[in-house]
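Two complexes follow with subunit A in common, the first pairing it with subunit B and the second with subunit C.
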Partner chain A sequence: MFLTRLRPKSSGDLARLGVMVALFALILFGALRYENFLSSFNILSFLRYNAMFALIALGMCFVIITGGIDLSVGGVAALASVVSAFASPYGWAAGMAAGMAAGLAFGVLNGVMITQMRIQPFIATLAAMLASYGTALLLADNQSVSVSYDTAFTMIGQDDILGFPIPAWIALVAYILGWIFLERLPAGRHVLAVGDGEATASLMGLKVTRTIFSVYAFSGLLAGLAGTVLAAQFGAGQPTEGVGWELFAIASVVVGGTLLSGGAGSVGATLAGVLLLGMVFNVLNFENGLGWISLSAYWQSVIRGLFLLVVVILQAKIATKRTDSIE
Partner chain B sequence: MLLSMQDISKSFAGVAALRSATLEMADGEIMALVGQNGAGKSTLIKILTGAYALETGRVAFNGGNITFASPAESQAAGIATIYQEINLAAQRSVAENIYLAREPRRFGFLDHKRMRQGARRVLETFHLDIDVDSPVASFNAATRQMVAIARSVEQNAKLLIMDEPTSSLDEREVGILFETIRMLQARGVAVIFIGHRLDELYAICDRVTIMRDGQTVAVSAMRDMPKMELVRHMLGRELAAFEALSESVEAHVERPVRLELAGAASGVRVRNVDLTVREGEISGLAGLLGSGRSETARIIFGMDRLERGALRINGQERRYSEPADAIADGIGLVSEDRKVDGIIPDMSIRENMTLALLPKLRKAGMIDRARQDEIVERFIKALAIKCASPDQPIKELSGGNQQKVLLARWLCTNPKVLIVDEPTRGIDIGAKSEILKLLRRLADEGLSVLMISSEFEELLAAADRITVLSDGVSVAVLPRKDMSEKALLAAMAHQVD
Partner chain C sequence: MTITDTSPTGPSSARPSMLQLASRYGTAAALLLLIAFNLVMTPNFLSWQTLNVNLTQVAPIVIVATGMTLVIATGGIDLSVGSLMAIAGAVAPMIFLGTLLPIDNPALGVGLAFILPILVTMAFGWFNGMLVTRYAIQPIVATLVLFIAGRGIAQVATNGNLQVFKNPSFQFIAMGHVAGVPAQVVLMLVVAALAFALIRFTMFGRHVLAVGGNEKAARLAGIPVKRIKVLVYIISGALAGLAGLVVVARNSASDANLVGLGMELDAIAAVAVGGSLLTGGRANIFGTMLGALVIQLVRYTLLANGVPDAAALVVKAGLIVIAVYVQQRADRS
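And then the complex of A and B:
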């Protein structure tokens, strides 16, 4: 199991352990309180929907480990959903390739702006976010673009393999590959070392520029994949979808114990972070359905925000303790 | 010959940092590389490691002419550098740091097992038994340095460059480091040892290369180079012949002591400093680079905590926790680096000058412009600051006039003690003498001045007494009548007779 070692060795492990405990506590709470919480319908639709967020959070995880940020993932996913919808008449593979290519293009653009033109990641990806939304709206003529139902394109989002939603399979494979990359390949360790300090990494002979460029390209590619899944799942390219996805992704990564300052992070814990945040939404939906309280979407938003705030504050506390113990 | 650097020149924005410098090393040799600030040591090293591009000159290493385009290339060729602030990825493990960029692989995957074993093996040769899976950040400076050295050994370095490797080590750790260096030497590794503590250089190095003003001024076997001679080479003698500004003033001895440090210690740089500054005198503070001069000033100004000893102002013991405390006691500091700590380039002369005074310039919550103008006018006249108007941005002034504005910044707060750290650095020779005269006049008017300087002429011309620091300890106090270049050199080389 690649989620986490259950023996807390560092505070990072402690944060990861915290996420796991919170996740299981929430699942237990839901299972006891709501009748259909553990129904296969709820579980499968939960996985199908959250797979998209898992994909962008994985890319964000690598970006944040290098000490950067990618604000463009939501816009890029929206654009990719439109592009893949346009390509869907040529088959599922064409749709997928087109969506991922659109994402990769913006990822490469981010990488060039940040490593070659030396623009701050925050500003560069903010510009890319606006540009990608604009491009999506232009291409789609300000409305959603229906995908082709003549080809197998929609199966990417809607079908199952071995009783498991395909989007979840895609995310699972991406996470396994991501984990192998970060933990088992030299290039992955270099991502961590670069996040620890670019000047140091460069003096130690690492190819810093190439590493930073790659994480943004990878993040764009995954956002493109998420956009493709979005189009396939809802049967249409959605130029106005994806708003706030970047925040969800950043939140998942941070909840999983990855430091915003870079240099430390975990693929497994990011997945746990995605599941935990998704689970909070899921529980809130059930709570609404129970009829005891009636929470509007606005109130749900406030509650999610508060939840995130609590987690981030806890994390900051742990991080402070950690630096104290080093000094 | 392992390394031969010939005719190396380099300039930055038209200013020459290196002028035909040379450096030659034999296999397995330990070479001391010494020089004052700005002598060109680090520029030379950066050219060797590929951090700077080679413009003119030739570099031959290990039998072939080379030009390294990046640190990665020089590392691959067998040159490793241990920087002063130890450069390791702090959050990564010891084993990873030793192998970063050259990891052992198995079918393309990281071979964790081989990495751990290799790390343990190489650390064992240095008698270091630590957990190689722990992050580097969890170890102290000495251990981190060992890890950095282990990394270079694992990379089969033939030449190891160590930039002030002992600066954060205690005596015992220095002993271990030297043992390690000798072990490396026995394996045929050559070492360039950049340092300022002369005793250490004599203890470990075979030869010495001395640099000054971008040139190599002397190369010699360590044992053939007396300490005095070495210091003389480092400091050079471009006697600018300032007129002696201080009357032979034995009367100063009678004046009350305004500021006194007794047995002061803080951190590793200041270990035991005695120092007095009397009313109306210029007290000089001399010492080689790294001897703790500026750090002593930091203690007096409340920037560093006094860990041991006492600081007395007018006979009363004081303890400062921040500069505001020192300022409240009438202490001002004009720091060494005007560009970084001093001027705010785009702000006007008026604003720069009254920065320290602003809290007192309030009238009904606003800045009292009339009083501000009056003060600025007065100091521009008194210090003869050459400028178009008080509204001119300070960056447009010459170095000497900028320095005068900074002096005025403190003078207008009416200080009792003014610390000036390298007051004439980067100022042309005419303006230098003017600044010194100004300081003299202020002292004659009753101000106590503590002048830190690495220029002998300046100290000899202006100071009423000179305290000499060596390796964080005040080793001599020279009164006016005993001052001479020879006496200063002897005290700096720590050969007090």
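And then the complex of A and C:
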């Protein structure tokens, strides 16, 4: 009993350790190779830009832990960026509230389709993705919507607090809350239990439906927040942005050692996964700057794909070794 | 008492419920309704041009969705199809334009431009299949690798540049006509018919359904589960490559950034609306074709009646949800 409980945990830890080591190695590589890699300008702009992806990946992490998937996050972020841009003349709080409300609305819609209509998460959130892009394009009349510069709305994306970008603060707070929730609160343990086996969780008396509903609502809310940051950062609500974000988020979560089959996962390793995949692009830029080689930006997706490949194969090897040793 | 219990005609089989009827004939009924609506509302609907526009638009989707149907029938999914289309679409012009390697004989160049790209995408399909079977990686993640990297490979190969060309013999698959029917429509019908025959009449087809229906039972029955799975991903890769060739031939240009973008979702939507449950064990090729046609015709109907394209997206989303909901309810009752 003790051993079977220990084994999966330790191999999960191994995967999480892997992503941390890879991230650290890449940072070390960058720091030694490029002069300005650890300059505050590079670090801060890197964090400012990747905060959006971090927010989306956090929601995705919770969804994936329950064994589900949320393909709608990119579309929902696009919609939220449009909605928050429309609300931005009424102040930064109004813009933020509107963007998050739009995201939450789609998250709730996903939750209803999945828990009440019993549609597979893949299909339900695929439909929500199409619907959110459609709604965003309709609202914005197929154009990007400029945000108001009369209010403080753009500060959400562009300003700093204590020398640290506000988007990064938002992501940091979200991750700390997410970590406390998952690791320290009963409701967070319920999320893990549901992912481990819905039937078992239900027999244990856990509110499975409510838990699943909540993770999709939460994922929608975070996608809405990411969309708000997007609008504030680039000064416009962009109805066509966010394409492929969902897959980037899934890749980050998987690289972070969270299994797509659900039941296990880590908030911290997800953040490391986001940073690792984001840094691939950053390193590529610096490498090109050196002038030795000239790799086009197109290489980044090839390299990201390779990263994902290596991680999933390693995960698979660990998993087969584990089942072998148990059998 | 015992007689009624053992009698094979239970209440559900004696009279199929509304849901089961809707599930079985819903897609076809929706198609007929759409056509009827258009006959009344859309000016000039009953013309060769309308038919051609809709059929040529739907042809690449049906070709890809046919492969997707087979993959989904085994309980898998293939997210890489759009990226594989981009790869095939990038490689083909490089061959007949001679940028890859000089080929003197133009006929040979065109021949290779058909064969090599599809061989390449088949190899990538094999790669997907190996990840799914050998490493037991979930199909969503396994094919996500090439979804991300595949388009990058196509972009790197072309350096992101647009390849413009004019090559009538290559472009025959999109521009040509066979007995007055556009070649790509013929191609679509041939692919669908072959896949239908494959599922219906061959051992391989039965194996595909068995693997998707109950993988463990299939393995215990001696079916080579892994080989079957690898094969469906190879087929899906080949058909994605073919669709990529059709798309670039139709556009007279290949843009690695755009070819096949979002195709995986269109294909999955067509399969879902067409009545093959995403959980596997079923492969309704004819339904997939109807599903793709319904989605295309809804879009056409809305556009032709002045509804913006964005609203068509919302309608498409609703359509997918309703179709899947009805099928699942019918399945459970």
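Brief remarks on what is shown
The working rule: the second predicted complex is superposed on the first by the 318 of 327 C-alpha atoms of A that agree within 3 Å, B and C clash if a C-alpha of one lies under 4 Å from a C-alpha of the other, contacts with A are read in each partner's own complex, and residues count from 1 in each chain.
Keep this in mind: a contact is a pair of C-beta atoms (placed from the backbone, for glycine too) under 8 Å apart; a residue touches a chain by one contact, two chains touch by 3 or more.
All figures in this text were calculated on a predicted structure; none of them were measured in a lab.
Looking at the shared chain after the overlay, A:Arg189 reaches subunit B, while subunit C stays out of its contact range. When the two structures are aligned on the shared chain, A:Ser202 is found in touch with subunit B, with no touch to subunit C.
Measured by the number of subunit A residues touched, the leading partner among subunit B and subunit C is C. Of the two partner chains, subunit C is the only one touched by A:Ile123; subunit B is not.
By the touch criterion defined above, A:Gly263 lies against subunit B but remains apart from subunit C after alignment on the C-alpha atoms of chain A.
With both structures placed on the common chain, the touch criterion links A:Tyr298 to subunit C but leaves subunit B unconnected.
Listed in rising order, the residues of subunit A touching subunit B in the complex are 10, 180, 183-186, 189-190, 192-193, 196-197, 199-207, 263-264, 326.
The part of subunit B that touches subunit A in the complex is made up of residues 71-72, 75-76, 81, 83, 87-92, 96, 100-103, 105, 108-110, 135, 137-138. Interface residues of subunit C facing subunit A in the complex, by the touch rule stated above, are 77, 79, 131, 135-138, 140-142, 144-153, 155-156, 159-160, 262, 265, 268-269, 272, 278-279, 308-318, 320-321, 324-325, 328. Here subunit A touches subunit C in the complex through residues 69, 113, 117-120, 122-124, 126-131, 133-138, 142, 243, 247-248, 250-251, 254, 260-261, 296, 298-306, 308-309, 312-313, 315-317, 319-320, going by the rule given at the top.
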